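This is the structure I have questions about; it appears just below.
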């Protein structure tokens, strides 16, 4: 069953290669390979739940000399999220791109992006991570530019160049670690790393490189234009997964190799940046005039929430608190992934239907596109963190953890963030439910509306009602005090 | 005595390297900055030779200085059409000492970290592991062993990165207009050089198993031949039919992936070559990769889709000849 | 002497990296920013190759060599894509 | 004996290189600079190659050295021609 690790990367990659050769069959090839990689992701999570963390030594070489793939509860859950969102967005894309040529270009780059994402979640080697980061950055920038509009091109170029700077900083840290500790394998480094200038500099370089990519305040400025100007299915995956992949790496690095380097001040600082991001992102979303821009700013805020969890996870000796916080973090991340992709897909439908996505002029949307408006509402519920969404449980854990750790300021941030989120969601819904005197004829675009609706439903219901498996999958991950003796 | 000579050589190399880097970052004239950068790349190739990294020297000269330089020069040629983009000296740098100080601070901090890293390190690092497994790798050039066997998965993804960049470029728009047909001197040189480049490329591919060389160097050289033909505006340097062209572009990554997956399906493991076949499989993958890299690098130089990329029935490779007639400015970049 | 060579070239690499990184942030012209990113990358490659160097008699550590070879190709890919985006942006300006 | 001859040839070659470089820096206009550079460098490289070829026992390596010389000569003469041609065109204002 460990072969499924390889398949979840190899299937989208094979799909990408085939669709270069047979562009006319790209729809079929693309759908088949994303479905295949969903099956592989399910097999991975099934095996992880059954047998615990998996390691796959590529080429049969011991990790260190060779490269390994690895899956534990954390990476398997994100892999599954990615495969799931990919299937929904792919079905959506078959109808979204009306021009055959544009659709063909989309498919190959899209499948390359997915293989990069899956490779990143499963990587266990630092240089291999650098290569996957570059693959991710290049394919994401190319997809952002797909529309060819001036704004999209500018956003894509800025996205690409900043991403390159981030990767370079990451690579510099990798080079220092190899110089000092003679390995690129994450678990080997976890055992070898000890506090000192080498480790600190490498940690600082790699973390700041990743903070650019995950768009944490104040390194967020590239994100709104990129996510707002990309085609809808691309925005969905960029917002739901690509920024989260960089966050996942921050978490992974600080849980494992850098665990012995973490200090309360540092982790608190990341938490404070997260808090600023929550307030700033939500406030900007409240001001946003366009629906996709609103969604993009809301992503900034949601990334902020994830960083708020870090003080609770990395600087506590309390095993249960850490485990609870890790589960809460994952629930927030998964819920946001589903909700934000639903929101972007629905926004794409609105934009194509109305010819624009100016929020103030969305009156009548509910009459013309009832299913899509319902999707917007479902995604909104999950973004605010109302029950029964998974985000509600996540925020609950955040508050409980903050109380226990006596981090009072966090309560204020969560409260303010939720109120602002309620503000931007209800402002949007208020316009969308407004009655138009002559509503456009009600449309039904099944291949676009149903995937979005499915993601919205999953965000609000699925994780909130069935959250127990998340915790059991995370059991045993990164015991308190890190893995370092 | 020899130490002094080496020391002088090091000093000379480093000073020249720093001067060229400084020039390429701070020169007011953009064209000059690009020229400095190409010089920087060539000098870097010498540094690689000095540090006993001939594989890297070959790749740097061909890709880092050669093809990147050609790309940058082509970008300058585009810029010369819109006058507001040609020279805009970057005053921000001169007026603002903050970045300079920041870079110095960063350099000092990293330098100290590097000193500490060298001190605490086991100087062998992974070298022992690589050399002790070299015999099982199927090749005797250790760099090729790492690239195509021990860390083959990285190389597979690297080929995917190259493919991504190309497809991203293709999605953006049309290729640059072709260059005018060159005069007799350049044309003669290119005519004479092309077969030689093909020969040297095949040699590098073959020798890569046990001496410096390999698919990337060979592919880059082959692409260089293609770029030269393009620059000289040869009317018959047309592309093959679209399907063949696309097949060439994916040749390396697809064969690599297929070999890996087949080995997994027969029960060995992904990219786990049987030791007896390792040498042959590596040569096979490298041959396909050379073709793929050459086609990809050459097409990436065009900055967009050539007509030959389109699979439409009305378009054949020959259409490229029609491309050649289009307007352009001179017979050299 | 071996350590000196490692040290010397490694420090130069770090200096080039810092220089490139800060000018990438400081400059506004796109082409200059691309040049700066390439210089920074070259600095990192120099650092890695310096670490691999183990004196005139011992074979250098081949692992960083392979990493740098990969890095050079990745850097080329990124540069080519960035330059194509710049080209396309100019074309939309002209229209 | 051969070593002394080789050292002489190499030194002479370097002298040509230095002369060429000084010419590049000091001569007044593009054409004379090109003139100094290409001629001096081609001769200088030829002398270098001869010197180095004397030092090796392997005729194959000597052959490769000569091949390098021929290639550099071809490339430098072609590029000198291109640079001069372009300069001429600019002067004529076309």
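Just so it is clear, A, B, C and D label the chains in written order, and each chain counts residues from 1 on its own.
The criterion applied here is as follows: a residue touches a chain if its C-beta (ideal position, glycine included) is under 8 Å from a C-beta of that chain, and two chains touch if they have at least 3 such contacts.
All of these numbers come straight from a predicted model, not from anything done at the bench.
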Taking contact as defined at the start, I'd like the list of chains shared as neighbours by chain C and chain D. B
Maximum distance between Cα centroids and chain B occurs for chain A
Could you quickly compare A-C and A-B and let me know which has more C-beta contacts? A-B
Between chain A and chain C, what is the gap in Å from one C-alpha centre to the other? 29
Cα-centroid distance, chain A relative to chain B, in whole angstrom: 32
Using mean CA coordinates as chain centres, what's the chain A-chain D distance in Å? 58
In whole angstrom, how far does the Cα centroid of chain B sit from the Cα centroid of chain C? 13
Would you give the residues of chain B that are in contact with at least 2 other chains, written as numbers and ranges? 110, 114, 118, 124-126, 130, 151, 154, 158, 161, 164-165, 168, 172-173
Show the residues in chain D shared as contacts by 2 or more other chains, in ascending order. none
For chain C, jot down the residues that touch at least 2 other chains. 10, 17, 21, 25, 34, 47, 51, 63, 70, 74, 77-78, 81, 85-86, 88
Between which chains is there touch? A-B, A-C, B-C, B-D
Chain A partner contacts - residues on chain C that touch it in the complex: 10, 17, 21, 24-25, 30, 33-34, 37, 40-41, 44, 47-48, 51, 63-64, 67, 70-71, 74, 77-78, 81-82, 85-86, 88-89, 92
Quick check on the complex: what are the chain B residues that touch chain C? 3, 6, 10, 14, 17-18, 21-22, 24-26, 30, 33-34, 37, 40-41, 44, 47-48, 51-53, 55-56, 59-60, 63-64, 67-68, 71-72, 74-76, 78-79, 81-82, 85, 88, 90, 92-93, 96, 99-100, 102-104, 106-107, 110-111, 114-115, 118, 123-127, 130-131, 142-143, 145-147, 151, 154-155, 158, 161-162, 164-166, 168-169, 172-173, 176, 216, 293, 297, 300-301, 303-304
Spell out the part of chain B that touches chain A in their complex, as residue ranges. 109-110, 112-114, 116-118, 120-122, 124-126, 129-130, 133, 149-154, 157-158, 160-161, 163-165, 167-168, 170-173, 243, 246-247, 249-250, 253-254, 257, 260-261, 264, 268-273, 311
Please give the residue numbers of chain C that touch chain B in the complex, ascending. 1, 3, 5-12, 14-23, 25-29, 31-32, 34-36, 38-39, 42, 45-47, 49-54, 56, 59-63, 65-66, 68-70, 72-81, 83-88, 90-91, 93-94
Which residues of chain A touch chain C once you look at their complex with the stated criterion? 127, 131, 134, 137-138, 141-142, 145, 148, 150, 153-154, 156-157, 160-161, 164-165, 168-169, 171-172, 175, 178-179
